[in-house]
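Sharing a structure below in structure tokens format, with a few things to ask.
Every chain is named by a letter (A, B, C, D and E) in the order it is written, and numbering of its residues begins at 1.
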Amino acid sequence: MTPAAYTATEGGALLVVAIVLPVIGMLAIFALGLRRAERIAYLVLPVGLLVALAIAADVARSGAAVTYVLGGWQPPLGIALRADGLSVTLMVLTAVVLCAVGLVARGSFSTPPDKAEARSPMVFWTLILGLWCALNTVFLSQDLFNLFVALELLTFSAVPLVCLDGRRETLQAALRYLLFALIGSVLYLMGAALLYGAYGTLDLAGLRLLARNDLATSVALGLMIAGLMAKAALFPLHLWLPPAHAGAPAAASAVLSALVVKAPFFIILRLWFDVAPQPANAMAAQMLAWLGIASILFCSVMALRQARLKLMIAYSTVAQLGYLFLMFPLVMASDAPTAWESVGWTGGVLQLVSHALAKASMFLAAGLIAEALGHDRIENLDGAMSVVPISVAAFGLAGLSLMGLPPSGGFVAKLMLLTAATETANWWIAAAILLGGILAASYVFRVLNRAMAAPASDFACKASIPLYRELTVLGLAICAVVLGFVPLQPFAFLGIGRVGLP
Amino acid sequence: MSLLPDFALMLLILIAAVWTVSARDRRDSVIGFIVVGLLLSLAWIRLNSVDVALTEAAVGGGATGLLLLRACARLGPNETEGVSLKVSLRILTGVLCTVVAVALATIVLYPIEPAPTLAPTAAAHMGEIGLGNPVTVVLLAYRAIDTLLEKVVLVLALIGVWALTPDPLWGGAPGSLRAQHSSGPLTFLAQVLPPVGIVIGVYLIWNGADRPGGTFQGGTVLAAMWLLVMMADLREPPEIRLHTLRRLVVLGPVVFLVAGFAGFWIANGFLSYPPDLAKPIIVLVEAALALSIAVILGMLVAGPAARAPR
Amino acid sequence: MIGSTTLYGLCATGLVAIGLYGLVLHPSPLRKVIAFNLLGSGTFILFGVAAQRGAAAGLLADPVPQAMVITGIVVAFAATAVAVALLLRLVESGGSTLEPSAPDPQDDRPS
Amino acid sequence: MSLMADTLTIAAVSAGLFFFLAGTVGLLRFPDTLTRLHALTKADNLGFGLIVLGLLPQSPDVASGLKLVVVWLLVQLAGASASQLIAQFASKGGPSA
Amino acid sequence: MDWSFLLVATLALPLAMVVACVHHLFFARVLSWLPLAPVPGLLAALFERGDSIVIAPAPLRLTLALDDVGAMLLGGASLLWGAAGLYASVSMRGKPGSGRFAIWWLLTLTGSLGVFIVADMTSFYLVFSLASLAAYGLVAFENTARSRRASRVYMALALLGEALILFGFVMLVSAMPGGNPLIRDAVAMLPGSPLESPAVLLLILGFGLKTGLVPLHVWMPLAHPVAPIPASAVLSGIIVKAGVIGLIRFLPLEVPSPDWGMALMVLGLLTAFYGVIVGVTQQHPKTVLAYSTVSQMGVVAAVLGAGLSTGAPGTATLAAFYALHHLLVKGALFLGVGIVGATGTRYVSRVIIPMALLAFSLAGLPLTSGALAKFATKPLFGDGLAAFMATLSAAGSALLMAHFLGRLRTLADESTGDVANASLVFAWALVAAASLILPWVLFPEITTYALSETVSMKALWVASWPVAIGLLLALFLKRIDASVPRIPEGDVIVLLERLQPLAARCGTAIERTDLVLRRWPVASIVLLMLAIAFGTALQFSR
């Protein structure tokens, strides 16, 4: 019954730092009530990035997962943190996106010089740091209940960001988000209770060794996966996402769309590949993929029909999330010896990463465009190109990745998914990938077309945007594009720590 | 025969729950919920989980109930309650909820034998900590990170509530908690009870190390005393910009973090305690946490700032 | 024969069903929050059943799930506090339901 | 000694239960808020007091006994204050039913 | 001497110019630099042969290589890009947005030259996409209602083509280990692989769309005429050749495959006649030329189909030869239309003769380069019905070109007569001369025939009668001009556009569904259903 013990590796303490550092920053901002809350954030952000990079370097060098057993208490009694190739990739991604968002947000969330502590900067920076702690915990924790706490941490950080401007629509969106996320949490917790009742442990590695095919496990996984899908806003559970992500300030939307919805998906990945009794269930995998297909097609059309830029991007997020769920049947049917050596798995993970970069860049660009023009109606975007050319270019580059056109991370990801679909004869999935690409191109070009049109004669620029903000956005978009030069094959790095789990 | 009280309790809980959901008036619903909370704490005692029972009574029934009652009072008359949905939708929902319940019930009725448990492992290591209450040991040693993050959740929730402050009022105090009519008995209670309540709160925290009780239960009692004082209009809620308030809020998490990091030097890693110092450290952490919890709970109930800072 | 623990397990499933029903169908946000708390209570009792069944080694109940429930109750309270604050603010700003109305096309602010 | 204690306990607790029962019947049968409150508080104070009294001989040590007394005092305080508040609310034109 | 750096420069120079546009000084002058951008490509076509260079190591393996087929098309394309660039640098000067135009121009140029020299699959897809997507900027440049519609249709179909090709590529490489094989390795694996049929189908559809095979030609008559003159010339002359090179590179031409060959040939011939029939109903000379491109590309496809069905060696070279001829001629014709449009009747008598020569060269008028192209490809069709139809298509071309010259005359009458700019005339004359001379130079190298055979009596007769028939038909057509129906540009797309209300209704329906799904009770009921469904699936199906 007791699974093999986790052995703490050298440098494991960095994992603790990755989780705790944002908390320290958050508490400091909160407690000191400083005139300029953002200064502490600017101290924490680069350090956090360095920590993530250091862990990544450690993992890459040793070729094995970095592990830390908290307090020295072995799971299942205690809780272990573990950074494998996948989690480290996502941690670095998170750090990069947050640093970029931090730079761009400097314009909108700096404390005015003549005031003491102001509401929106203080709230924004504390919540962003809270979010970071939550995300790192999600990526590192090996305990299902600890993951629950992390998910809640995520929700509580994300919801107030949605209604930061206090308008009625955003309050409504935030409340819907909160309540629906809470149903998701409860379903997840219910599943965890059943698993504990059945196995006496919530440790991932322990469950992996013990997992049986019985009613309790099936019901628990069903509840947990459904709950997590509600939090990830997969169609048709996307009711909360478009208004919430469109209503939040652009810098917050970028984080919400790029990172926050990925966390529940990451836990689904963990459940599916680490907890569910293997071989995984074909029918459930197909169901996930069909929901993904529906998500791609339905929400792409919805994105195409939006009048507001940010709403369009929000619907596009739901559509792009659909791609992630395509990987389950693709991995199952693949003849690769392990899941993480299959093209489908790699493609899915790459889609996650490239979408995060592209979507963050897109939302930030949309924010700058809206700031410069004073609105974000797609029909009246004329002249954007002449005011914020770099932002429009960033939007276009990010769009390239969403459409899946080369050279971009999105292209490689979709190509890998398409290859996997072809190899495993999942023709519907292949068709959905291609059709989704065409629809994505349609909605991106619709925006670019307007943005590049000559401005109307009475055109007036509402605000001038400092160059560094635009360049940061462009940098993110370029990251998404540069990902397109990774080779088209499973990477050993993403598989680190997957083999030989304790 | 011995099942009769349990059966009666279960029936009462379910009836109260149905009433809570089906009541027309929202105040009735809240009262129903508080009743469920109190009955549930009895159920927890029957499940031999006294710590949980205390928490459920203090938080589930008490603090949540107060929060909801205040919300009722501020919401005004029921207007949206009357919207009725299609019968078919109701039936469908009913069927789905029943299916979920039946699945859960089946699992409850056919448990794994012998039941898997961590109790022996937990008991085996208790000596290394030197505390008598296993739940406290789990909360502050074995799974301390959960507790730490949970405190972060509370701070974030507080920030989330404060985030709803209208911009001009930022830094000001939450709206008065005063009852609509000032009343003698309440003032009297608020003058007499707090000393006793504080003693009980401290007792719960101190006692929590070895017997049922602990940070959260104690903290809630402290918060209740504070709220009582504010409701009786003996004290106004503090301004949210106050540095003392802010520092009290973060005191618990900070002490916890410091204790955690100290583990790197005095024991073998984050959140680990040396056996001979474990108890004092844990009690210290608990005390700090309880203070923070009391402040956070009170401010959560008080809500966002409603008056401009002075 | 059914033991008292199982009885409370059944009680938990009942609470789950009742809570879910209210959460799905009640149009008022406050009632949804209350239903969510019922649902949560049911879930916690499920943990409690596991704890009670896991009594061993001289402990009356497995302490690990108990600790989880305590954490869970706190989190649920925090959620309730945020939700209540949100809905009060929503009502103050003139909205009262969760169902969105059609967006105003002439609204100039970035949505 | 223990027989005497047990007898006292049985007697006091039974009497307490009786008052509780009476109070409850009053709560259900009396016509308006104030009379109901009257029945409830009178009966409950007495009932609860008797039960605590009955339990005192059963307490293992002095500390536990003291705790019981404290519990009784607190309940008295809470009950009295709550009843006062309800009565005030009712007399100021709250719901009469 | 190792000239392989020229291959890199072919792609690098125009891209470097795009990057240099970041600086506003260069951006202001970029238009004047356009003629220089294709120079490395031209030099490479002249000096470089057979080498391949890997510009990124495994596993990326981005590989450039130039073979005869590629060199032929690369040279022609570079020449036309250069001449059209010269034309553009004069005609576009001072127009609003000319800098933007130049950027799209350079990107399109990079992509369209790239397809001739890349040797691996990923790079091919990359440059192919670049060519088709950047061309969008050229199509959409004028920003009139007409060009907006054209660019919309262009984009939709280009994306469809991309998707089809990508899917075909994935099928091609699915059997290959490693991520990015060379094109020829992948194609060599194709015959006999389980996915052969769908892969070939997808590739034919995808590249056929780019070359304008009926019924996927609809974008061409819309897109080509709306662009500025030099852009029309490269769109119609060069960009369609990306499809041709795709078919050449990706069809297993060496292995006889009668079914696919026959299908492609029939489709090609059908397109050849269809282009003529719709083309003669058109009014604007540019539109007529666009339909002529449809028709001519049909012939190229038929050539490839004929070669594919028998596995005849040299098919690729012959098809490329024919395509090269069309490339230069069509480029010259478009530039000529521009000159006539600008100068009106002033020089028309001097321009119309060379234009007629060029036009009938497309129909294979004896002693023109077109006759060479027809002569070289004819044997592939054998002696049966196919050969007859191929010859007959020349009659169609003659008819269409006669119609074109008529419309050109009308255009001249309607235009204002400005003085011609010497650079514009030079650009036109350069391409025109190249189109008439270059095939004569290349002919001995790519075929086994002696040049003398092409001027034998038999050959002259075979080349003449279709032209004669075409001219007769043209006379007849002129007689009944009034009763010829006017088919709108883009023919079948007009029918498709009738479906727009239906699409709008679908969109509205989806929006309404979304509103319903996003209602709280509905969404949460769906959530419960999903939870139950997952539980059930996990429990009961294994």
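FYI, a residue touches a chain if its C-beta (ideal position, glycine included) is under 8 Å from a C-beta of that chain, and two chains touch if they have at least 3 such contacts.
Because the structure is predicted, anything quoted here is derived from the model rather than measured.
Novice: Can you tell me the least number of steps between chain C and chain D, where a step is a move to a chain it touches?
Specialist: Minimum step count, chain C to chain D: 2.
Novice: If we look at chain B and chain C, which chains touch each of them?
Specialist: Expected: A, E.
Novice: Write down the chain pair with more C-beta contact pairs when A-B is set against B-D.
Specialist: Looking at contacts between chains, A-B has the larger number.
Novice: Could you name the chain whose CA centroid falls nearest to the centroid of all protein CA atoms?
Specialist: A
Novice: Could you grab the centroid distance between chain A and chain D? Build each centroid from C-alpha atoms only and quote it in angstrom.
Specialist: 57
Novice: Averaged over CA atoms, how far is the centre of chain A from the centre of chain E? Could you give it in whole Å?
Specialist: Comparing mean C-alpha positions, chain E is 41 Å from chain A.
Novice: What whole-Å value do you get for the distance between chain C and chain E if each is reduced to the mean of its CA atoms?
Specialist: 63
Novice: Calculate how many whole Å lie between the centre of chain D and the centre of chain E, each centre taken as the average of the chain's C-alpha atoms.
Specialist: Each chain's C-alpha centroid was found; their separation is 96 Å.
Novice: Could you say which residues in chain B touch two or more other chains, in rising order?
Specialist: Answer for chain B, listing residues that touch two or more other chains: 85, 89, 93, 96-97, 100, 103-104, 111, 115-118, 122, 142-143, 146, 150, 153, 156-157, 160, 164.
Novice: When you check chain C against every other chain, which residues touch at least two of them?
Specialist: 16, 20, 23-25, 27, 33, 46, 49-50, 53-54, 62, 64, 68, 71, 75, 78-79, 82, 86-87, 89, 98, 100
Novice: Residues touching two or more other chains, restricted to chain A: which are they?
Specialist: 77, 145, 149, 152, 156, 159-160, 163, 166, 171, 176, 183, 190, 194, 197, 200, 215, 219
Novice: Which two-chain combinations touch?
Specialist: A-B, A-C, A-E, B-C, B-D, B-E, C-E
Novice: Spell out the residues on chain B that touch chain D in their complex, using ranges where they run on.
Specialist: 181, 183-186, 188-189, 192-193, 196
Novice: Over in the complex, which chain E residues touch chain C? Could you list them?
Specialist: Chain E reaches chain C through residues 518-521, 524-525, 528.
Novice: With touch defined as at the start, can you tell me which chain D residues reach chain B in the complex?
Specialist: The touching residues are 70, 74, 77-78, 80-81, 84-85, 88-89, 92.
Novice: Touching chain B in the complex: which residues of chain C?
Specialist: Checking each residue of chain C against chain B gives 2-22, 24-28, 30-31, 33-35, 37-38, 41, 44-46, 48-64, 66-71, 73-82, 84-89, 91, 96-97.
Novice: In the complex of these two chains, what residues of chain C are touching chain E?
Specialist: Touching chain E from chain C are residues 20, 23-25, 27, 98-100.
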